[in-house]
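Look at the two complexes coming up: chain A is in both, with chain B in one and chain C in the other.
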Partner chain A sequence: MLRYIGKRLLNYVVLLYVAVSLTYFLAATQLNPRALFALRQPPIPPQIVEAQLRQYNLSDQVPLLERYWIWLTGVFHGDWGYSPLGVSVAEQISTRMWVSLRLLLIGTLAGILIGVAVGAWTATRQYMPSDRTITALSLLIISTPAFVVGTVTQMMAISVNNATGSRFFEFIGETGDVGNYPLADLVDRAQHLLLPTLVLILLGATSMSRIQRNLMLDSLGADFVRTARAKGLRQSKAVMKHALRTALIPTGTYLAYSVATMFVGATFTERIFSFPGIGQYGVDTITNRDVNGVVAVTAFAGVCVLVGGILSDIMVAILDPRVRLA
Partner chain B sequence: MSELVVAEATIKPQRRLTRGQLIWRRFLRNKTAVFGAAGIIFLVLLALLGPHLLYWKFDDIDTGAFLAPPDSAHLLGTTQAGRDVLALTVRGLSKSLLIGFLVALMSTSIAALVGASAAYLGGWYERAMLWIIDLLLVIPSFFLIAVASRGAPEGDASWLILVVLLAAFAWPLSARVVRSMTLSIREREYVLAAKFMGLSAFRIIVRHILPNASSLLIIDAALGVGYAILSETGLSYFGFGVQAPDTSLGTLIGEGSTMATTFPWIFLGPATVLVFLVMCVNAVGDGLRDALDPSSASGGRA
Partner chain C sequence: MSIQPLKTRRTQAGQTVLSVRDLHVTFPSEAGLVRAVRGLSFDLAAGETMAIVGESGSGKSVTSLAVMGLHPPTTRITGSIKLHGEELLGQNDDQLSNLRGRDMAMIFQDPLSALTPVYTVGDQIVEAIQAHYDVSNAKAWQRAIELLDLVGIPNPQTRVKSFPFEFSGGMRQRVMIAMAIANDPDVIIADEPTTALDVTIQAQVLEVLKTAQKETGAAIIMITHDLGVVASMSERVVVMYAGRPVETGSVDDIFYQPRMPYTIGLLGTVPRLDQSTHGALPVLEGNPPSVVELPPGCPFVPRCPKAVDRCKASEPELEATDSPTHTAACHRLAELEGQGHAELFPPPELTTSELAELPREQRPVVLELTDLKRHYPLMKGAIYRRRVGTVYAVDGIDLDLRQGETLGLVGESGCGKSTTLLEILNLGKPTAGAVKVQGRDTSTLTRHERKELRRNLQVVFQDPMASLDPRLPIFDIIAEPMQVHGYKQADIELRVRDLLRLVGLEPGHADRYPQHFSGGQRQRIGIARALSLEPKVMVLDEPVSALDVSIQAGVINLLDDLQGKLGLSYVFVAHDLAVIRHIADRVAVMYLGKIVEIGDVERVYNDPAHPYTQALLSAIPIPDPNTERTRQRIVLSGDLPSPANPPSGCKFRTRCFRYAVLDEASQARCRDEVPDLVQRVGDQSAACHFAGPVRADELATR
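Entry: the complex of A and B
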């Protein structure tokens, strides 16, 4: 068993190494950081541009493999390089990671919980009016991209603000004007979190409820639920104890996976509500031709996916005795 | 009396349904899917005929109306540059539709060929393909497509490069499903018979294996259209996908959403069209899945 896990981990590490290296080659050949300095007024002398690019290992006059080698040895010493303008990539990632975490933790978890509850409930009421209404609504929300949901939420919040003449809904950044009363700081942060969290819950809960509804329908029709009813259990107890529990096993793996990958999953929400998180950073690095930054974000995302994969394997082993005993 | 009933039952003509008729009936029974299909036909007609029927072209600039709200001259208003939002939306719709369908077609084809050949040929080839699939799933495709499209050459055909990039990252998951399906199909008698008759592996895969996985492939392509449209508009929203002067629904929404609270018409037009389009595509995809899947209960009796 240990040997199997070790082999799998090794495979993951090789996979990640190849993925990140490929990203480096792609970014280093496609992003062309020299163009950043081309449009400056007054024009910068070419020698100075070249010196700056060489300082951060970004010059396209240095052979690609040589740049790659310098970058790779740097990474093994914990140095992820600098942007063309000299900002440390590692520093950016380590501060933005927490911004993303603060933004996404509540929204992701609440979204999954609500989604599971709604999905399980609608499954027990299959084809009744409530189920049909929720199915139609979720078809609408699933078809709406995150950037439309976010913008519409903002528009509605502004019209509420204008109608009531208050500034209850905040939608720019993490913090704003802090009032002068006890716990004002906390209230301010909560106000800024409210709208993006609502968007995350809406999007997460909808897709989760569809998955959970299908799982629940499968397990509601299973023989062991009928057996539970036949031996005299009440319907509610048979559903809660026998059907729901089995239907939660795949959800557990999904939960582990989505918590690990949530850091990079909310690029649109971060952008619309101006949270300087990892997703926003990924977009900024590409816009600003920041080769080292793009590669670091890719590596971070890759680690998240692999950790999510491992966590969901562990989750299955915990939840499903058949896997554990095999 | 009972003899009479039996006689009647045997005389009554037994209409036999072909598989196509069966699927068609099941699809028609699903009202949401029929509505979706009608919606898609409407949008395709709008994208094809719109540019000929509308007064304004998408790259016309009306110097008399900058950021004008909707009125009789500009039904959906104008942008900051004085371009007609309705004409832009129709243009963006045709681009998003084209990209969506092309990407779905390409990625399903790649998935079918790679998945089926991996399972049929086995050995080191299968291991290599599975490894590539794992690799593509680890890489965050959104950022990589954005990086690659930034360095791509500009011009009229640059959207074709975007199609290739989107398809290149969209196939891995479906290829896995096709592979596991092929694993059971390749043991069937008709495949073995074809093999012992000396048919080449490629012919067996294309003629005997893929037709028997066709329901899966059709469903995959139908659901892939929605996925492709959402990916393309997402990239264009950030300015990475379709490049100016051309436009897509994502580009328009990206432009409009920065001013959505003060000049909502630039955002609302394209956003409504996009949501309606994706909803129709998803409805048809779900309807096809119910109609084609033999184990599906929602199709009801034939």
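Entry: the complex of A and C
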């Protein structure tokens, strides 16, 4: 088992290296950091611009392969380079990573769990009014773009705040005015987290419930559930123990995958609620022509995906004896 | 091998344990109300075995689910179902759950999907016990081990911790039986328990079921379409047609004095393993009716040769015939007495080929396989795919097929039948050896030559539903091969009509889609398509096994007739040895990629020389209760070994009953020396060092 995972890891590292290198070539040839300085008033002398670009290994006058080599040796020493304006990429990622984690962890996990529960429940009530209502609602939410859901929630929060005259709902940034009582810091953070978490749960749970409902329907109709019933198990127990347990195998892989990749997947939520996380950073690096930043975000996303892949492999092995023992 | 009973019986031997009265089961469907069961009554005595026989749609499986209370919630059930005299209809799910698995248990058809994949078989048996009895874990596991031992699972102490996927289909069905008898039920309902299994495994599982019944004294309701299984297992029979019981009686009444024309026809259309029947089979024309909107009157009228106006007016009730326990539902019982299937369903005339006059040796060889081998690499790993071995799917077979003859290819699943067919159809280069079609070695063909040769070699598949594109009208389906080969459009139109007529379909129906045809008709469409290019050789891959018994005979007759008319040669793959005996001239028995016996059908069936052939023939239940009662069956032990890791020497020795009684020196010969096919008298060869008839001492040791 360990040898197997080790082998896979090696495979992943090679894969990651190729993907990141390709991104470097793409970003370094397509993004033009020089343009950042072109419109400055007063104009900056070209030699100074060139010197600054060369300092950060961004000058298009240096051959591409040479820049790549410098970048690569840097990466091996833990140096992911700087933005054209001199901000350390590694520092950005390491602080923003935690912002994303704080914002997304609860929402993502709760979204999946609620989605699984709702999906499994609606499957047992297929075509009944409750199932149809939940199906209609979740399709409505799924087909609404994330930024609309976010903005509408904010507007609703504002009207609640206005109506009650309180500032119960906070939705700008991670922290705000911290009160003067014990654990005030924590309460403040929780207040700021509430709305984005709700939005994440809404988005995650609706799509997860669709997936889980279909998985559950497949296993509800399976012969082994009928066998369990023929043994004398009550409907609820046969469903929980036999149908749900089997329907959770694909969900397990999905769960492992989405936990690992959540860092880079919530650009809109971060932007709307002004959380300076990784997702926002990814977009910013592109608009700011930040070659090293783009490559670092890609590498980070790649690591997340690969970790998700390994986690989901392990998860399947735990959940499915056919994989574990065959 | 005996298990402690968990409880005392509530109903003593000889008394009625399950009583069903006027059962009606109706459920809604897209097409309208499905009246799946319409007035079924029977009494099941404690410890007896009763069979419910019928074709698909006759209502037999619906009955079993209704008795268990496992029908879908939209189903409406009326009548009465009494277990130990206690009414089951109207009880709520909790009350029924207390009975299910304790007083009545069920064995389902498909053992591959009936066990939960994520729990060990031990977990699942223990769950069945603890659902009803407050037994400690240790005791329940101990009982699970005893049960597995009882149903013949080797090493039950370790196997109890295995997951279902680690068992073969036959072994899983044994686990299902162990689970069903875990709480000493009074009634076991077995719904087609062996239909999905190979014949040798079917024989094992039926033996296990008999053992289980002997141990527990349970009554069994055997639901099946296989008349051989009925004859070998049951004491009483209920024949169902379109949701109605049409005849009931003791197994001897039903098989020897059938009275309802449907029963008579059904028994007559089945080819017999133990009789050489040539010429046409009696045919039950038409299809079982749909039970959605039944017209008034007897539902068998459209297929009954003796129907009169009275039959169309009202549906006949079951009435007593010669004895009060033998009842049949037919308005003309008295008038038709004494008429068998020969009078009621006279077989049609078939065209006989002029080739039949010509001795086999003088006919041209149309297909020849010489030392054909097909090996596949055995790969492992999802990402790091690596070769870990070789699957010897076909491992050196020689065959020749001459014009106008039928070669049957038989063997268990995994023996290489299908691979052989694919190699023939592929017209390519096998791993080793050669395929010659009409004298041309297929490995040396150019693309163009291969396409030309392909016209001479056509195929009919097993599943008539899956092998026709549902989005094409059958005209296009039949015309497609001709379009590919550049026939003129005007010729195609004429020819499609001719072909439809040839296979017994209405040419006017050419613009209909496959969904408008029944299974038997679809198989005829598949045959018409295969015939469109006027092939010389037809490869038939289980062409009748997906069809209902009463439909099979018509398709078999059609194939027979076409052979006579067109001088076709057939390679006919089937697992049903009775069908092969009827249709084939020669038969080849395959085991693990090798031919173990080949020769003239009559010689091989009457005097099989290879122990595997003997076991295979012995495993098949014959639709004749008297024969079944006196027959001594050879039951092979174990499953087919993996073709990736075949035994040394003779591949069959691990399961061979003859090997088991040989002396040490002879056994060494079987282990070390691969037996060659050796010709016996006439057209019969067997690959066994000790070929010959079964001896009494070989059977005695079992």
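The working rule: the second predicted complex is superposed on the first by the 319 of 326 C-alpha atoms of A that agree within 3 Å, B and C clash if a C-alpha of one lies under 4 Å from a C-alpha of the other, contacts with A are read in each partner's own complex, and residues count from 1 in each chain.
FYI, a contact is a pair of C-beta atoms (placed from the backbone, for glycine too) under 8 Å apart; a residue touches a chain by one contact, two chains touch by 3 or more.
Note that the structure is a prediction, hence the values are computed from the model and not measured.
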Q. Touch check for A:86: first (chain B), second (chain C), both, or neither?
A. neither
Q) Is A:42 touching the first partner chain B, the second partner chain C, both, or neither of them? A) neither
Q. Looking at chain A, does chain C or chain B touch more of its residues?
A. B
Q: Could you look at A:129 and tell me whether it touches chain B, chain C, both or neither (first, second, both, neither)?
A: neither
Q) Is A:249 contacted by the first partner chain B, the second partner chain C, both or neither? A) second
Q: Using the touch definition from the top, say if A:228 reaches chain B (first), chain C (second), both or neither.
A: second
(Q) On the A-aligned overlay, A:27 touches which partner chain: chain B = first, chain C = second, or both, or neither? (A) first
(Q) Is A:305 touching anything from chain B or chain C once the two structures are fitted on A? First, second, both or neither. (A) first
Q: Using the superposition on chain A described above, determine whether A:165 touches chain B (first), chain C (second), both, or neither.
A: neither
Q) For chain A, which residues lie in the overlap of the chain B contacts and the chain C contacts? A) none
Q | In the complex, chain B residues that touch chain A | A | 32, 131, 134-135, 137-140, 142-144, 146-148, 150-152, 226, 230, 233-234, 237-240, 253-254, 257, 260-261, 264, 267, 271, 274-275, 278-279, 281-283, 286
Q) chain C touches which residues of chain A in the complex? A) 7-8, 11, 222-224, 226-235, 241-242, 245-246, 249, 319-322, 325-326
Q. For chain C, which residues are in contact with chain A within the complex?
A. 68, 70, 93-94, 97-102, 105-106, 108, 110, 113-120, 124, 127-128, 131-132, 163, 165-166, 176, 179-180, 383-384
Q) Which of the residues in chain A end up touching chain B in this complex? A) 15-16, 18-19, 22-23, 26-27, 29-32, 136, 139-140, 142-145, 147-148, 151-152, 154-155, 158, 264, 267-268, 271-272, 282-283, 286-287, 289, 294, 297-298, 301-302, 305-306
